[in-house]
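What follows is a pair of complexes built around chain A, which joins chain B in one and chain C in the other.
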Partner chain A sequence: MNSKKPGRRRFLKEGAALAGLAVGAIRSASGQTLAPETPAGKPKDTLAYGERSQFVNSLRIGTNGRYGMDNPELPRASRDYGIRTPLQDSVGIITPSSLHFIVSHGYDSPNIDPRQHRLLIHGLVDRPLSFTLEELERLPSVSRIHFVECAGNSTASGAVFVPGAARVAPTGTVQQVHGLTSCSEWTGVLLSLLLREAGVKNGATWIIAEGAEQGMHIKSIPLEKALDDVLVAYGMNGEPVRPQQGYPLRLLVPGWEGINNVKWLRRIKVVDQPYMGMRESTRYPSLRVDGKARWFQFEMGPKSVILRPSGGQKLSGPGFHQITGLAWSGGGMIRRVEVSTDGGRTWKDAAIQGPVHSKAHTRFRLDWNWNGEETVLQSRCTDERNEVQPTVAEVGKIYGVNLTADFFKERPDTLIHFNAIQSWRVNRDGSVQNVFA
Partner chain B sequence: MYSLNHVLLVMAAVLCFASAVTRAQTPAYSKVGRTPSEEEIRAWDIAISTDGKELPPGRGTAKEGAVIYAQKCVACHGQSLEGSPLGTALVGGKGTLATTRPVKSIGSYWAFATTVWDYINRAMPRNQEGSLKPDEVYALTAFVLFRNEIIQESDVMDARTLPKIQMPNRNGFVPPRLEDIPDPRKRGCRLGHCP
Partner chain C sequence: MNSKKPGRRRFLKEGAALAGLAVGAIRSASGQTLAPETPAGKPKDTLAYGERSQFVNSLRIGTNGRYGMDNPELPRASRDYGIRTPLQDSVGIITPSSLHFIVSHGYDSPNIDPRQHRLLIHGLVDRPLSFTLEELERLPSVSRIHFVECAGNSTASGAVFVPGAARVAPTGTVQQVHGLTSCSEWTGVLLSLLLREAGVKNGATWIIAEGAEQGMHIKSIPLEKALDDVLVAYGMNGEPVRPQQGYPLRLLVPGWEGINNVKWLRRIKVVDQPYMGMRESTRYPSLRVDGKARWFQFEMGPKSVILRPSGGQKLSGPGFHQITGLAWSGGGMIRRVEVSTDGGRTWKDAAIQGPVHSKAHTRFRLDWNWNGEETVLQSRCTDERNEVQPTVAEVGKIYGVNLTADFFKERPDTLIHFNAIQSWRVNRDGSVQNVFA
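And now, the complex of A and B:
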């Protein structure tokens, strides 16, 4: 095989010529990445593109409440690990695009000119194909509401470099602990349609998907899933996918851990084996206590969390309060959510707000009259396969460990896909605290 | 002049061919998407599988890799490959995976030598990704494998030798066989967790 290098250099040169920019302003890895354009300080016309009220200040946060991006104490590759969604402020099931969580493995979002961008489909196919964004937009499209969740969500895996994991800290908030999940309406072309156009050859069993950012993230995905419900998405909540979410194209792999949803998608190769890219084979496997590691866990399990009231909030006093939260499962639709207002002794069915979408955030609520006494609030969900969200002890059983808070802090490596029931303690003064139980 | 029979025969053959093509998936949306040239595909086709069939020509040894490492890698990964806040440790960690302080280095953890080549090639050095020539990637891969005591200093890494390297922790993953990965039900995964 010839070297790829001349190709990448050629793209670089052409890109520079096209954009009329200095070569130094172009990131080499993507080949298509142009330097940020700097519009000449035009004042924002909010009649042309609106903004939220100046009195609304819900914001994403970085690890442990700080923006990793500008925190020199954090390892560079870790600086954007987990820009978290303010779930506690959310209503309904859609995450505003500006508040969608971000994990980009330490890479800046490339500034891609869609006219330069191509999606290449090749490998074990009858007809390799190259698509422009415009061509993909001409094909039959679908819009679907799905969550995207980081595999490390709910572990506050910032514990790797921040002392005291938020998941077990009394100060832990729902944003710190669970903010690496978001839900959007995604619009695009079913990957199965594109693969049919290319004609998948016998013997193909996997695809690999590759991004156009500097590090060119690569992910192997079984062909069966690729032909099922995977989307090549160009739309997000009624407008083009945001740059931080993969503009102009991203893969959307419903219900599976976030790493599969390759952003800035530029290549899909149909192959006959997983390619064992660095992240999938060395970063995302989770260690068992015996030192072996589970790799390719794919599906996110059933999970729910109460958002109001939640850690760090304060109830105004005894009386009526609406308990509300979100439930979701990589296994399909949420069938049932139960809420306990007495630390798990008794459970009541919460009202589920419809329509319920498969592999999507699902809003639930329960009317509650607080009597002013200390208590613990919990939620648990059941998905369409009758899988019930586990307790902390049940997750420990699956792992074969006694899952105490100390274990959690000592062995964050062993805990991903953590979907145990979340407990919030309501104190007599109305303050709400994280409890690990 | 062809006889009617001849014409019918040709027509039948054409029809037969057409239906065979239909069974083998006909594109449904004509003139959407373009056929890329071989050269275009080659230029983008950089991912390396575990059997190494995509590895380009070239070669390198640890000795050559040490020189490149000193120029392009040492600032982040350190004099002794011990790592720094800017780059992960590339050596060490043997016997730590079952402890409370697991060190997941290339030597102690990574399952495939082809992953080392692929990752250096696509993502290193930071901010100059894609700038290394195949010989340099082979040499750096050899250097890292040598410093992890996986190969000898004089061993030549190329498209033939690299995929044959047995990584020390190759059997440290479940399921160990790649063909067993795609079926989570068979693996006993439930509630979002695999055993």
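And now, the complex of A and C:
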């Protein structure tokens, strides 16, 4: 890609590099005008910024210990937490920002003053660039609805949790097992625009993205993806990205495993080979049939899960029940969701009951009359590339292992990108249990 | 419509009327499982339910007094407030639930215990029905992205405010003038499904919806609309509807003036003529050319407004600026948005830069190089019926009056459904001012 080719629109002037942006900045009147005084010690002013009803108590959870940051014997940088979205309570496709899942490797979210924050783009470029948040907000922006999902989702083996327990335990809930996925409307600048402004040099093939947190997470991403649909996002569901999601800036890499979506983004280096960051070499590679590791996996496969009824819930009795759930795929749009109410013997097409966007949570529904007998509920989805969500056995074949419950307990960290069909058993008393099959 | 015609799907059993629903109910595990203990006196647990960065301070405002509930000489039922969304800070199309506009007539939001709340459907029906929230949540649901807009939006004359001030004052900001519109993903049950279950009798032509607040707001809605796309909504942006938006239930009447979207919904009566509720006869009728009032207006016309730059903001200097704004129409999808950077002499097509949904906020953008001279920015939109947003003069013609600034100041309450093109003047020093023209 040659940044100097004529006819390409330029937002920056030559020579603007490092000295900042030559675009005009707007001083916003917001916050100055009529902001209500909030007397100290008084209750929060919910007319200025609202809150939930006191009767609503849906919360994020960790699967073990309070939040999973629970192994003081490990060095801090190796301690992780995976805080899960309460999918069982969700409606529609948007995850409330206050309930977006959080995976953090070793450290709490930094409290970044946006006036001090810069995004540096350098490496194999013609003009290194540095941006303030305000400068980025003045550039042409896009808004897109996308899911973000941790590569370890649906194994409940993310880190120091009891190995594989929730995924194979009868008590496993949908929040414990599948709660490391969320979906938001993200707003920001296409990374391709920034890279074109910087002028990518011949020979460049990867970018390295770096976060500003204490652990300085870095991630290697192929240049081809960086020039496709990757966003430098400052907005999330209509307001600034939340601190635990990367305020003031995060990378949003649609459809790819969560670890790519670098939070508190401060640096993008254009390079000619991937770096072996800590999260390239540990935890994120997965099994190959020959026993070696599969590195640099990226795209999340098609997955769906029934949220209601799901593990830990209880049907009051036979009769009409709405089965509702979510489907998503890193490969694009969800084209079809099928639901089985007889343990996979027969399948019915579910209704898609909300907005459908590419690489986004997609809500499905099936009306069901339960006859009161024990049965197993399952869902499977198909994306726009006609890739179909696999069974547990089919995933085992891909990885070359026999995916028994014991395997899950013994080697949980070897399993990522686990998009197998989820089964929920409905017992005759109406109780719903996780089954690993 | 005959509820007894064969082949129609029935979710309820005959005889279920008033005694509640015969569908199965699910006892959710949410809230029971692993909810973290929050020790009294400790800071709120933001890992369980997140908050904004301390550096983000966008807030809702009233346009006069703290929130506009500021005229103690009026009886309480006549005192209104209109609390406005900070549109100037918004990104994308979703309004954060904490920043959704609030119009309340006389009373604060009730604090409703959902276990005590019922929705009654009665009147000209075969089977009166009563629903708990839990019962409604078990019925087939839909999720849709729609705006809600107060009929008095864009006049800044909603109630007891200084008449028309913000709409014609040079200091008027986009939040003050246009902040009574917001957009959310709404989830609930189609009202048509509930009405079919109840069995609408021959001769029925209207419904009367009633709220549970102290003021007991009622609104008449034609049966034809009620059977079209109206939702009984319990979800908003992925979580329960917020208290100020009607928790636990509100009517969502897509594309129609805000007053129809009855909050804290507790009763729907099917009738054969509209009721003259307080909000049918006062404030909501508008001018006719013959001097009489136009009653029972419903649909909001096509409207767009530039949010950045807008009144009260300041451009730092000539150069590149992104012009960004929102367009919406009660008539369906936005097909086109044009922007003028020379006071309406020439128009350019703006880019649509986010999800496009029917009767929803739609984000547009135009890249602009400001030459430093004084100019006026405008936007106008066209919806899928090819209805084009009018100028102020064109709106005046429809209403049969000369819409001067003085008219606005003297007779603000006669103007609703005001969807005229908004003009922002950019002065040579970069300051941006509201102009009424």
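In the analysis below, the second predicted complex is superposed on the first by the 368 of 437 C-alpha atoms of A that agree within 3 Å, B and C clash if a C-alpha of one lies under 4 Å from a C-alpha of the other, contacts with A are read in each partner's own complex, and residues count from 1 in each chain.
The rule is simple: a residue touches a chain if its C-beta (ideal position, glycine included) is under 8 Å from a C-beta of that chain, and two chains touch if they have at least 3 such contacts.
The structure presented is a predicted model; accordingly, all values stated were derived computationally and were not measured.
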| item | value |
| --- | --- |
| First (chain B), second (chain C), both or neither touched by A:L139 | both |
| Chain B versus chain C as contact partner of A:G317, first or second or both or neither | second |
| First (chain B), second (chain C), both or neither touched by A:G152 | neither |
| First, second, both or neither for A:G179, with chain B first and chain C second | neither |
| Chain B versus chain C as contact partner of A:Y275, first or second or both or neither | first |
| Which of chain B and chain C A:E387 touches, first, second, both or neither | first |
| First, second, both or neither for A:E239, with chain B first and chain C second | second |
| First (chain B), second (chain C), both or neither touched by A:G211 | neither |
| Footprint overlap on chain A, where chain B in one structure and chain C in the other make contact | 11, 27-29, 138-139 |
| Contact footprint of chain A on chain B as seen in their complex | 24-25, 27-29, 32-36, 39-51, 54-58, 85-88, 97-98, 100, 102, 104, 109-112, 114-115, 118-119, 122-123, 126-131, 133-134, 172-174, 178-179, 181-182, 184, 189-195 |
| Chain C - residues contacting chain A, complex | 9, 11, 22-36, 46-63, 66-67, 83, 86, 88-100, 102, 111-114, 138-145, 173, 175-176, 185-187, 234-235, 237-240, 242-244, 247-248, 308-309, 311-322, 324, 351, 353-355, 357, 363, 365, 367, 370, 430 |
| Residue ranges of chain A touching chain B (in the complex, touch as defined) | 1-8, 10-11, 27-29, 74-77, 120, 122, 126-131, 135, 138-139, 196-197, 199-200, 205-206, 208, 210, 214-216, 218, 222, 224, 266-267, 269, 271, 273-278, 281-282, 285, 287-303, 330, 387-390, 394-395, 398-399, 410-411, 413, 417, 419 |
